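Chain IDs A, B, C, D, E, F, G and H follow the sequence of writing; residue 1 opens each chain.
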């Protein structure tokens, strides 16, 4: 479902994290939401990151998901360059169990919020993006309701 | 700006937290977003909370902001009863510096995301709600852009 | 010993946690205490959870044991819907070593206590339930005394 | 309501902690549960503590509440000398925000459970004792239900 | 000693932090090192920050000191836009005792190092800059040696 | 070197920890210090523990080493029943990386000190006991000096 | 009781910490143990520290107590230069609640143990030194027994 | 590139850590910076460490990199004996995930700074040394710019 007109951009700071990050894309796909996945680093490709955000906005991206480990600055940098909602996913790639990444994602100063989900919560980033887009698109919300029903079954023993 | 047709519901688990929580309302007011503020507790008034969420949705509330200290279950309970975006604000009311509240807000299981902001980040909860609503209402985004410009001035010395 | 008239309900938030949670049931079985085991999620099956608690109370369940990882809201939700004792077991299923689950289980507000045991302390949840039920049933306490004697032998080298 | 036939013993490791610990007694009093309050230290008066536990049991004490700061060993020592339920309250008296006390109270080995409540959760210790005693005494549960109703009013704005 | 040809740029994310940050300038002044102090925010004035770094480098700034609280992204952003040494000072401005700021400053990915000093270690940031510049300017090292001698006296009782 | 007249008692709370605890005995053996190793639990065999401490003192034990994981109360209990030096070794057997055990060992109240070494620092417990006994026995100190010399060689590359 | 022939050296890394450190001296005084107090810094006066340790040993000092905040290296440095017992006291002088100081004091490598007491546990450092010296001097142990008796009274209400 | 005239000394507290530490040397080699690698322990070979620092300085070493796990005192000891820049690398070798090592490296007192990089950040220690030396040697900075360009390619997908 990754198409020419993505509504969600899924960004990750390192190619190593792609397997985990692709779970966000899979959730979006399953909900019929077009997305695109990019490796962009706040530290190694800062200009490209800023450029990408402006360009993605122009192409109609409405929600950004930024995933990174260690000091996760990616979500904050994206949030500083757009006024659209930015979801941050702290990745638990280090010794410090993801606490470093969690705190560097969530503790943003007033005016530049990052909607933070759990450590390694890539799937929930997809679900949160869907809730946001569902405000304008009742079909998405209907699909979320279906997922919830199925989840209920799985969680009833 | 708290009106008959609120688009954002700001909930808090305890009357003691109202002074901090009112900062979220103030941000929303300043951006021209109608909101309503309620004290509702996941633990003391669980039925009322569930009832309120259903009712608020029916009245057109699009984003929920849930603020609580200690084990913050409020945001999670709200997220379990709506498919609209829920923003969680961990309040740092205890001995444990808000770490208890942060972890109990952000570490949600797949399918039930809470968009978590910083410990005591009530103002950012307002800004995040505005970014979400701005996807449907360019006036809100325009006002966010104005705030950003003013912030730039304040932060340039 | 899981019978038609269980005195303890053992709940867990996810089928993945069943192997650990079954240790609570095994302890109860070994002490002759009838129990029942259910998968119920505070977030995915909130209505079923609330319904279950009311129904279980009516059927004579006296103690609830609620086990969950990440943000463990299950114990708190159960405690909000019953006035019987609720034992919470934080499960250490995540990156954050169970600290998230511990703090979200134990840091309950006044009036809604959760009797929290150690991270992954499912066996102790069974022993704690037995101590509580032993107040009305001296046979249970007698069996606990036997276990204690055997433990003494095992721990004397 | 501290009478000749207490059903709950409230213990604290240091006279300095009495003001906080008295909140547990106040909750028990308000629920019509007779209790007695003692200063007993796992480390300074270990023999007296062990003696007291045996004696209190003989006099009919059914639930023990043990409150202490720093390395809280009091609850564990009491739990090792009785088979009745022991509630541990970590007190946040030190630099380390009560994390030391929380972990030393809750992380008990299998067979010797301590029902741990929040850091400084003395009031909840009283409520938890009441839930346990309410299993045998429906009047206590009725009073808990009244408190819950009043709490609902306080938490509905 | 803040002159037209500063060799060190001292940056801070917020005007509120100026009193603490000025201690870095005071240390540099006392060692005869020209510096300049700017308020620049990675999140509120990202373009200005990037622009400033390029400009400062062109004017001869050799070391950057970046101070910020909460999620300190400032040091990382500066390090991403220069190849000169960047010293990061985590400020302990929040509930979380500066742990958030420490981890978000120090946990940088390979290739983009931030030389991190203690929480609120603004004075040591000045001393570290002096050690770095002393490699090219023996007078600075001579002054550091004097400070060390005086410190010895102060710390000998 | 475990003989009829041990000068050091090495205690551990669980048979599972014996492999790690034996490293303390090995260090003592290598330094020619007679010791004895016992499994004794503060919680499962409290009377035996207290009895053992009194008896060991009478037989000439001069230093106690107490090793335990989770909530390590063993060292504290021993320290409460002797006036001889007690060395505590927190074992990192749980999810919480030994932080639980470290804090419950070291955070003792005034008057009842436990000489705490690193998490899993069983070897250092042996070395610390040797330093203490070396004050009365210069041969032990001479052997420690030999170990130090050998260590220097191993650590010089 | 600070005399010409001190048996305990009490060292602190900074003059600011003297009020807290003097509590160790007061405990030693009250037990009739001669001590001396010095300000010596592992970082500012390293040569003097090493020199002092050698000299103090020659003069008959048997136990060293080293108190410091932040990264407490003082105890480790002293332990590296003597084979006598070294007691480390982490001081909680910073933002990080003494966790920095605790971990940097206790986590010593094999062969160089530091007998660590609680954060700000200066009084217990005195009591631990007394237990160690009491092995050779039964009068000290007798005085410790008196203190313990008095403590029992204070802790029995 | 480890030659007779090293400009960087890479030190590690234990031979066990050599594999990780050699990554710092590899980075320096790749940037054409001569270095030398030594095993030196703040605790086991303190005199040799101090001697080495003085000697290395005399031979022209300009930057020291000190790597150690547990209580990392090595970087601090080196910083106390030189006025040249010292980079500290906390190694995550223990149970405590490197938090012990991070805090004991970074929390240095004013006047004795250690430029701390991430837990296990040996490669970044090399890059930081290169930035410092690049201030005097534009060829090093040119090579850093090349690395950065290559990194950009790797991080653009």
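Quick note on the criterion: a residue touches a chain if its C-beta (ideal position, glycine included) is under 8 Å from a C-beta of that chain, and two chains touch if they have at least 3 such contacts.
Everything numeric in this text was worked out from a predicted model, so none of it was measured.
Listed by label, the chains touching chain B and chain E alike are A. Between chain C and chain E, the least number of touch steps comes to 2. Chain A and chain H, compared by their mean Cα positions, are separated by 35 Å. Separation between the centroids of chain F and chain G, computed from CA atoms only, is 19 Å. Chain C has residues 13-14, 41, 44, 70-71, 94, 96-97, 99, 106-109, 111-112, 118-119, 148, 151 in contact with two or more other chains. Under the contact rule defined at the top, the touching pairs of chains are A-B, A-C, A-E, A-H, B-C, B-D, B-E, C-D, C-F, D-F, D-G, E-G, E-H, F-G, F-H, G-H. Per the touch definition, chain E reaches chain A in the complex via residues 13-14, 41-44, 46, 50, 70-73, 76-77, 79-81, 94, 96, 99-101, 103-109, 111-112. Residue ranges of chain H in contact with chain F, taken from their complex: 13-15, 38-41, 44-45, 48, 70-71, 94-97. Only residues 92, 97-99, 118-120, 148, 151-152, 154-157 of chain C touch chain F when the two sit together in their complex. Of all residues in chain E, only 62, 83-87, 102, 106-119, 121, 123-125, 127-128, 131-136, 141, 144-145, 147-148, 151 touch chain H in the complex they form.
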